[in-house]
Every structure is written in structure tokens, then in C-alpha cells.
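Each of the next two complexes has subunit A plus one more chain, namely subunit B in the first and subunit C in the second.
Presenting the complex of A and B:
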């Protein structure tokens, strides 16, 4: 039976922002639809409306000509709309089976049979009786999908499903999705990754700033055309020139270990690497494999053995971040809003977080506000932060502008080494481009970068050498030319 | 229809308006309570808030009560601003009083200009020592400072109890639980003949000025602000977190200790069991009512001091238990927290058209 889902004139307004502006779309089963857009384009809002989490201000949803009243996620379930969120909604300590049946009133035995047959049909192999916390991200996602399939949904919505998956898990997921589609389930796939859209989908709807920009068939599109639609302007494609190979070693990590008392942190085991001047070392991995700990050890938030880190011929393993900055290191942490900057503080106050003796922000324990403000103005103009008011609280900067401010703050002192962790996470394409250009420029000035990132494309684009971190261990360091994203994916999954 | 909408940005005006609103609501609710108890609300409120400070003596008493509140609250704001929850100012006050009282007793037969400074210093050191316990336990053993500092309050009160009943009790005191009277050289000078207001108020004012300078003009103040917003950021910036935790606890302890000194060398003049009507706890309310801002704390300490006086007046003239004062203090905090909701949300009245 054919399924037809129609969104008609949906509008949702939040204070100060129109999340969905009169959006109308129509979907038919048998096809896989992509809903494409940058962060903040309104795709999540639209999906939440479809799954009953948010109630629209105006507009209607029709499933097979029936007007749906979706007032809660339960209503969506009753109307055969299944949804797999980006963040899993599973009880980690319960068994897989208990997680699957938790919202069902059917008999356990008959459900077990049903689940077994679903797993057989789609070739899923998951032990139903182990706790969910023992599963990999890909398996957890399968559990979520099975939970939807139990209800034989007509519509299955996937929200950014690949952000936690390896390359291999991603291709498995795509195979399953194609199979579901052949069986008549209408699939709506939300993403901002263009490559995936090209690989998987049949039709693509692009959203920008709450508005539907275009609906088209994939065969009439390519990555560039979609990117331009998504951003609304023509983007320069940036490419890194091959760096002159230098053999001048800047930082060397030797036998570095970190054992955490916190069971939710990852221990680092026997980390060894070195970075030369003018080089960018990329560290790939699925999030949660020790990247955050590695960043903290490198920045000095976690102190390690003095001799484990040698920088510019000094042993600095036992120094804190401020002391390391004096040796010309700079750091850009992953969490912009809770670590790299304080949203409630003004721009110039955030600039003062990166404090050098020579910058004279604080003289004899007193704040030298004029000096800080002067410095802040320079950062704002040099790094294209879109404001001219340094008294503005940083919470009013967009993610992209805040990241520019942070990178600018770290770079304006021209450090020898910049360590950044997911520098473009959650940014729009324009800001990503700017950050990438900036990072390439640093290398051209013979300065070095350690780029810890979960975005494989970014790593392949910017790094000269790449290593993969898996469960706190680094793989051997490879030249980027010899690496493909498939190979990285295998290493990220833990295989050799 | 009324709709509650999240504010795009917390409003600066509201930030200073909510304490005023909280006080107003406290008055309304207080009036209501008096009404239910069978009093005329306006008259009762007049006894509570106007009569006590209507004359010179009353005003002096107001300043006398506001002094320790202000001093302690200033000290606490160092802790609270930097995300350290020192709840035990009452204990630091008591311990400061014990140490300075002990020193004062050493000099009980002597006169000399040097005695008072030593006594005051001893009180500050006593408070600092006592505050250093939760600070050190927190930094080196990861204990919770709220629990440790709070529990230490009761320890200090028991120590005081033991001392005034046992070894330090006045040999000529007919076994009353109190020490000898301090000599005049160990007492803070009175400012006016016949009024109890004493020189301790200058300590409080000095604390206000110094804290303002530290908060807004120094690197330490900046570090405290950053740590208050995000400890992760403080770590990333490379601030020495442990050093700062200990420092703010010491400052806070010193202030509470000084408040203790002010009480025993001012109006009391000796050590006995009840040297503080919970100033150390009430000062927490003062600190938040004053928005952790030195000037705000001055006003807040005056407002809260009235509840102490009013409770006494009401007890005398209306036979209401003096614990009504604590009811008022509780209501101020309650309404302050409630009206802080307005910082982040606004109430919108929506007409019937739609």
C-alpha cells in the first residue's frame, strides 16, 4: 500500500526566530527523502512537529489524506510514524529486549518472536539479553530502529543518524534503509552531510533559515549545487597545498599514559607521536574514544609526567595551560559555550581568558581593561567576527562568530602550535570554510596544528598526517595521501 | 490568557528590581499572616518595620545588627561568586569569637592600646583557621564543602559551650555559663554616648570598599568571576583552582571571624552561649538579596536587620513570638528565589483575539 505524507503550510515561530516559515512538502513511499539544511535551518523543528514533540503554530499534517492531530510523541506512534533521534533514548542498564518492549503492551513471548523475525529479515545480529551499555553505537541505533519496526511504521524518520557511526556502520545502515524503502516504508532522512544525500536518497528538500528552498531529484543535483542551495551563496572550494616537508620537530609525546578515576572517561594508553613545524596532524576517531582526555592532556588541564611532552626542546608535561601558553601553545576546546568561552561574559572579558605575561592584561594583580579592549578590537577585525561591540555579551554571537573569536583569541599571539578539538562542530558551512582557511593559513606560516576531530572529511582536507584514536590508543601515523575514509573507518571501528 | 515566555536575554533592570519585589511581597505576605493571626495588618507591620527604627536608639540598634550581617555577607560573596558554597559562616563566626575571646581573657586585668588590635586579629585568624577546614578537605579530598562547613557550625557551638561552662567560666560567676567581662582595652569603642553602636561598623565599611575593588578591578576578582560561571573554563584558562578555593574560604572565614569579634567585644563584652542570633546563616540571605554586590549587600543587611529588631518590638508590644523575625527572613529568601524566575521568563498577557 502506498503511503502519502503531506505537510501543509506549517509555521512555527519562536521568540526572535521563525523556525518554520510556511513549509509545505509531500512525500510518497518507495522513495528515500533527504531533508537537508545547516544547523538552525529548521529541519529539526519540522521533524519534531512530525513526531509530535512540538506543536506547530499553524499548518496541518496529512497521512494518506487523513488530517493528523499530533499533540504528543504517542500520537505519532499511534499514527505509524516512527522516529530515530540523533541521541539515543535507551536505558543503558536494561537488556536490549527490555528496551525494545518497554513501550508495548503485547505479550513478551509474541514480541520476542516478532523481534527475532525482524532481525532475521534484515540481517541484524544483536544479543537481546545483554545490557545496552555493552553495545556499540551502531548496534544501539539498530535497537532504536527495531523498536520502530515492531510497530510496523508507515513512516520512518532518521535524524542525523550517522554522526556517531563508523564508515562501515554507515554503509550497513544505508543498506537497511534501502531495504525498508523497498518494502514500502516512507523514509525521511535528515542530515547536513551532502555526500550521504548523494549516496542514499532519491529526492532532496533543502531548508534554509526556516524556509523550504528547493525540492529536487538527486539525479539533477551534485554536491556543489546542493551546498550552494544550503548556504545560499556560492562557496569557494578550498584545498590545501601540499606542505613543504620539514623535519624540524616541534612537539614530541613519549609514552604518555593517563588513567582516570572516572569510569565514564577513557584511559589513554602509551601515546607516542611527534609533529614537525608547519605540519597538521589529524587525529580521527568516533567520539568518546579518548579525544577529550587527549586534548586535556595536551592542553595541560590534565597534568602528566614532565618528560612525556617535549615542546620546543622543553619538557612541559607538568605545566598547566597558562604556563604552556607562555611556551607558545594555543588551545581551542570542543565545548565553545561551557569551556572555551563564557556566554554570560562580555567579548573583551572572554578575550582575557587567554592571558600571557607579555600581553599585560593584568598588571600587579589589577585588570588593565584598556589593554584588553584594544586587543579585543584587533581580534574582531582580524578574524571577521561579525560585531563591532566588544562590550556585547558573547551569548549573542552565533556559533560561527564565537568560534572565530576563540580561534582569533588563540591565534593573535602567533603561537607555534594550535591544538583544536572539533573546531567546526555545529557550525554553518560559511563559518566552517572560514575556519578551514584559517587553519590552512597557519600551516603556511610554518606553524603547527594538532587537529582532533570526529569529522573525517575535515581531517582528510586539512591534515598532512593522520592517526586514529580507538579506546584510548593511537594507531600508527599515516600520510594523508595514503589514507581513504574507508580505511579510517576500519581503524575507527577498532580493526587493524 | 497569561502566557509565560522565555526572555531572550536576562534584563539588567529586572536583576536589581527582583530584590525590591521580593521585599514588597514579603510585606504583603507578612501582613496577611498578621491578619490571619487576628492583628490589624498595617499596625502590625508598623510595629515590625517602623517603630523599631523611629528614634536614635533604634537606628543605632539597626546599624548594630546590620554590621555583622554585612561583614559576613561580604565575606560569603567571595565564596559564592567563585562557586564555593560556604554555608558555615556561623561556625567561623563562633570560632573567631572563641579565639579572640580567649585572647581577650588573657588580658582581662590589663589595659593598653595594643590589646584591641591583637584581639581583632585573633578573631580574624580564628575564622580563617575554621574556614580552612572545609577548604582543604574540598581541595585535597574532594569532600562537599556545603556539608563540611555546615556540620562544623555545630562543632564550634559545642566547643564554645564547653569553654564557657568549663575551663573559661568566670570563677566569680556563680556557675553561670559565661566568662569574665573583658577589660575596656579589649572592647571596641562606642561611637556615641548611650548608644550601643560601636567601631565595628568601620570594619564592615572597609570590607565593602575592599571587596568592591577586588571584585571589579583585580585579576583575583576576574578569576573568581570566571570560576563562578564555569569551572571548566577556569581550568582551561589555567587558573590555580585549589589556591583560589582556599583563598576565598580564608577571606570569608576572616570576615565571619571579625563579625564574631565585633559581637563579643562590642555589645556583649564577654563570651557566653548565645553570642550570635544566627547571623552567619542569615547573612547567606543578605548576600543573595544584595546580589553578591557590595553596595547591594549594604542595603540588604539593613533590610534584614530590621526583621531582628521588629521581631523584638512585636514580641514586647503584640506578644508575638520573636521567631516571627525568622519567618520574615525565610519569606524574603523564598520570594527572592521565586521572583528570580522573572530574570529568565516574562509574563505575557495575551488578549482574546487570536
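Presenting the complex of A and C:
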């Protein structure tokens, strides 16, 4: 049977922001629809309205001409709308089966049979009796999908589903989604990745700043046209010039090991690499394969053997981050609000935080506020941070602005090496572009970068050399020209 | 020295009796914490239960009204906590501490008129069977209904959490209230229910103290048992069976150190009184070392407020 889903004049206003401004859209089963937009464009709000998590201020939703009253996630489920959230809605400490039975009215045995038949049909293989926290991100997503399929939904909404997947897992997912679509499930696919839209979808709706800007068929679009619609202006394409081959070695890691006491962390095994001046070494991998441990070991949050890290001809393995900064290393951690900045502190206070010794921010233990403020203003204008109020608490900065501030702060000492961990994670295209340009500029000044990232495109764009981390081990280091994203994907999956 | 085997039985029975309030309050708090709520008001709810039970018994003369009234009193005072933390989204720790202080104060105020009044005898079950089996007789028979309930409770609690749908939902809410809410589970309702249940069990624990264990009202008579109950929950890593073990060790050492003091063992009294606390914690830490299991049974959202935004 044909399914028709209609969104009619939906508006949702938050204080200071119109998340959805009079949005109307229509979907029909048999097609895969993309909902495309940058972060903050309002696509997440819209799908949360469809799944009953958020109640709109105005507007109606019709499924096959019936007006739906979606006041809670339960209502959406009852009306056969299934949703797989970007951040998984799973209970990590419960078993897979417990996760699935919790919102089902079926008996244990019949549910088990149903799950088994779903897994068989779509070639999923997941152990139902282990806790969810032991699953990979791809498997967790399958659990979420199974959870929706149990209810034989008419509509399946996928919110940024590939952000945690490998290339292989992504293509598996696409195959499944196409199969669902052929079986008559209406698929709405939310993303900001243009390549995926071109690959998977039949129609695309683009949102910008809460408004629907266009609806069109994929065959009439290309990546550039979609990007421009999404951002609302013409984007410059960034290309890195090939680095001058320098043989001046800056940092060398030798036989570095880290064994964690926490069973849910990854152990690092026998890490060896070196980075020359002016070079960018990219480290690819699926998240959770030891990236965060590697970052911590490199930054000195985890201290290792003195001789395992040689930087500028000094052994620094046993130094803490503050001491390493004095040797002109700088760090940009993954979690901007938890690790890089203190959310409740003002912008200028955060600027002062990582420069205790080498700067003139402090005189005899007293804070030199004017100096700090002066410098903060300089960062804000140099790095295009979109605010003029340095007294603003940093938690109120958008991700992109905060990342620019952090990178700006880190560059104050003009470090020889910047270590970044997912610097553009969750940022919109404009901010990503800016960060990428900044990183390229750093390399051009003959400074080095270690870029740990889960975004393969980013790595291929910025790195001179690439290695892949899998289960705490690094692959051999390759020249970027010799690498394709397919090859990286295979290495990320653990094959050789 | 000849030890009368029935005397050993009596000592074990008295150890078990002293463990009863700890088991009751801990198992109640365990359910509360499993739903992600940290209620530090156990001591306060317990003492309210103690005075309510004793007062109702004295005024109405009915033991049944007194016992259920004490549980209801626990429910009522925990409703304050639930309203503050779940509806007004206040901080769990501060609110729980306030609840304890409030409970101790108000119980002392109500209790003024009940000091010195003798309690009533609470009926015991299977009194006649006490002498039929040596050693086991005094252990198994001749106790109040609350006693038997307390020793069944850890097993019921364990079964409830592991095997029932509602138990699963409670664990899910404690693991991730956001996910639970997105799955259509009413997080606030579940947490309210778990808090109120914890209050009822603390109230019952208090009533056991003032009506059965030492049938009288003394100001501040819970004497820190609420805090021990809280500690038991954490150190047992939210496992009801380990709570039983911990409560028995604590009760046992408390009784044994009394006897040691009485016999005049030459160990400083302060050390003897501290012993149950130290040993209980050491034992529970040792039996709960498996960090994997801890991770699996710790409610990840414990003590964090959940606010559903619309």
C-alpha cells in the first residue's frame, strides 16, 4: 500500500531562534528522501517533531490523509513512524534483547522469533544476549533499526546515520535502506553529507536556518549545487598544495604502549611514527579504536615512558600537557566543551587557561586581565569568531565559533606541532572550511600537525601522510596520494 | 567451655534481627538508585517511619495501622523529595541531605510526648517450633512478619529487577533517561514510583526499630543506620544479594563487638565500635571487584537530574 506523509506549515520557535519556520513537505513511499542542511538548519527539530519527541507550536502532520497528534514518542510508534536517532537511544548496560523487548508488548519467545527472522532477512548478525556496550557502533545502529522493524513501520527516519560508520558499514546500510524502500517503507534520510545524498536518495529537501529552501529530484542536482543551496552562498573549494618534502624530523614516537586499567578503554600497542616539519600526519579510524587514548598519550594527559616520545630532540614522554606546551606543542581535544574549554567561564578566561607560563598573562600570580582581553580580541578578529563580547560564557558559543577560538588560543605560542582530534566534528560546512584553511596555513608556515579524525574526506584533504588506527594498533604510514577512501575503509575495518 | 548450641542459634538470630532494618532500607534505596535517583534522605525517612509507627501504635493501639502508617509516612516524606527533584529539578544530593535533617528534626518534635512510654509486644510467628530443631530452631522460627519479609526482600528485589518488565524499565531509566523518554517511557512517573517505594521501605525499617527491635521511642534512635544502608547499596554495587551479605556482616559485627566489650576483651572500645563499619566496607569492596560487572550494574544516570525539553 502506498504511504503518504505530509508535513503542513510546521513552526517551532525556541527563545532566540526559529528552529522550523512554516515548513511544508510531502513524502510518498517507494522513494528515499534526503533532508539536507547544516547543523542548526532545523532538520533535527523537524524529525523530532515527526517522531513525537518535540511538539510543534503550529502546523499539522498527516499520514495517509489522517491528521496525527504526535504528543509523545509513543504516539509516533503507534502510528507506524520509526526513527533511528543520531545519538543512539539504547540502554548500554542492558542486553540487546532487553533493549528490544522493553517497548514491545510481545511475549519473549515470539519476539525472539520475530527478531531472528528480521536478522535473517536482512543479513544482520548480532548476539542478542550480550550487553549493548560490547557492540560496535554499526551493530548498535542495527539494533536500533531492528527495534523499528519489529513494529513493521510505514515510515523510517534515519538521523545522520553514517557519522559513526565505516565505509563498508555505510554501504551495507545503504543496501538495507534500499531494500526497505522496495518493500514499501517510506525512508527519510537526514544528513549534511552531500555525497551520501547523491548516492542513496531519490529526492532532496534542503533546509537552511529553519526554512525549507528547495525540494528537487536528485537527477537534477549535483554536489556543488546542493552545497550552495545548503550554505546559501558559493563555497570556495579548498585544495592543499603538496608540501615541500622536508626531512627535518620534529616528533618521533618509539615503541609507545599504553595499557588501560579501565576495561572500556583501548590499549595502545607498539605505536611508532614520526612527523617532519611542515607535515600533516592524519590518523584515521572508526571511533573507539584508541584515538582518544592516543590523543591523551600525545598530549600528556596520560604520561608514558620518557624516551617513547622525542620532540625537537628532547625526550618528553614523562611530561604533563603544561610542560609539553613549553616545548611548543599545542592541543585541540575532541570534546570542545568538556576538555578544551570550561563552559561556564568567559571567553577571555578560557583564552588564558592554557598559557600559564609562556605568556605574560600573569604577573607574580596575579591575572593581567587587560593583556588577556587584548589578546582575546585579537583571536576573535583573526580567527573570525562570530561574537564581539569576550565576556560571554563559552558555552554560548556555537561549536564552530568555539573551535575557532580554541585553535586560535592554541596558536598563541606559535607552536611547532598542533595535535587535533576531530577538529570539525559536528560543525557546519562554513566552519569546517575555515578550520581546514587554518590547518593548511599552519603547514605552510612549516609547522606540523597530527590530525586524528574519523572523517576520511577531511584526512584525505589535509594530510600528507596517513595511518589507520585499529584496536590500538597503527597501520603502516602511507603517502596520501597512494591512498583512497576505500583503502582506508578496509584498513579501518581491521583487514590488511 | 561448653557452648550451648541453642545459644549460638540465639546469637545468630539476634544478628539477623539487627540486619533487618538495613536490608529493608537498602533494598528500597536500591530500587530508587536503580532508576537513577540518589536519595540521601534514607536516615530521615527511617526516623520518620520510626516515630510514626510508634505514635500510631500508642494512639490507635493497632499494630497493623501502625506498620502501614509508618510506611505511608515514609511515602509522604519521600513525596517531598520526589516533587523537589523530579518536578522542580533540584539537586538530588542537597535535597536528600535536607530531607534527613528535616526528618530528624520533625521526629524529635513529634516524639516529645512519646518518650518513656513502653511499646507493645509485636506478635511473632512459629513460636512453638523454636525448640524442635537444635541451632536452626531459634534462627528460623519465632520472629515477626517483618523479619521474614526482610529476608525475602533481597530475592524478590533481584527477581523483580532481572525478570519483570517493570524491573527492566526501572533499569533502563537508570541507564539512560533520555533514551527511555524517547522510547515513550514516562521517566518522571517511574522515578516518582521508585522514590516513593524507597520511602515506604525506609519507613518500614524505622517502624521495625521502634516497634519490634527496641519497642520504644528514643530521639535519634536510628543512630546512623540510614547512612549505613546507603553505603551498603553503593558497596554492594547495586546487587540485592550482596546487600544481604553486607547487612549480615554489619549486624554480626555489631552484636559480636557488644559481647566482646561485655566479656572485657582488651581492645579499645572505639576500635570495636568502628569495626563493623570498616569490615563491612572492606568485605563488600573485595567481593565487588569485577569492574565489568560494576559497570553493568551501576545506574549510569545516578544523581543526575533529567529534564525533558519540549
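By our rule, the second predicted complex is superposed on the first by the 475 of 496 C-alpha atoms of A that agree within 3 Å, B and C clash if a C-alpha of one lies under 4 Å from a C-alpha of the other, contacts with A are read in each partner's own complex, and residues count from 1 in each chain.
The definition used in the following text is that a residue touches a chain if its C-beta (ideal position, glycine included) is under 8 Å from a C-beta of that chain, and two chains touch if they have at least 3 such contacts.
Predicted model only: the values in this text are computed from it and were never measured.
Participant: Answer with first, second, both or neither: which of subunit B and subunit C does A:118 touch in the superposed model?
Facilitator: Touch partners of A:118: none, neither subunit B nor subunit C.
Participant: Is A:131 contacted by the first partner subunit B, the second partner subunit C, both or neither?
Facilitator: Touch partner of A:131: subunit C, not subunit B.
Participant: Does subunit B (first) or subunit C (second) touch A:13, or do both, or does neither?
Facilitator: neither
Participant: Applying the touch criterion given at the start, work out whether A:198 contacts subunit B, subunit C, both or neither, answering first, second, both or neither.
Facilitator: So A:198 meets neither subunit B nor subunit C here.
Participant: Once the shared chain is lined up, is A:264 touching subunit B (first), subunit C (second), both, or neither of them?
Facilitator: Second partner only.
Participant: Tell me the contact category for A:55 with respect to subunit B and subunit C: first, second, both or neither.
Facilitator: Touch status of A:55: second partner only.
Participant: Does subunit B (first) or subunit C (second) touch A:333, or do both, or does neither?
Facilitator: first
Participant: So which bits of subunit A does subunit B touch that subunit C touches too?
Facilitator: Correct list for subunit A: none, the interfaces share no residue.
Participant: Any idea which subunit A residues touch subunit C in the complex?
Facilitator: Residues 51-55, 72-74, 77, 85, 88-94, 98-99, 101-103, 131, 133, 262-264.
Participant: What residues on subunit B touch subunit A, complex-wise?
Facilitator: Those in contact with subunit A are residues 5-6, 8-9, 217-222, 225-226, 229-230, 232-233, 235-240.
Participant: Please name which positions on subunit A make contact with subunit B in the complex.
Facilitator: Counting only subunit A, the residues touching subunit B are 15-16, 299-301, 320-325, 331, 333, 335, 338-342, 344-345, 349, 352-355, 362, 365-367, 393, 395-396.
Participant: Can you tell me which positions in subunit C touch subunit A when the two form their complex?
Facilitator: Subunit C residues touching subunit A: 165, 168-169, 171-172, 175-176, 178-185, 291-292, 295-298, 300, 310.
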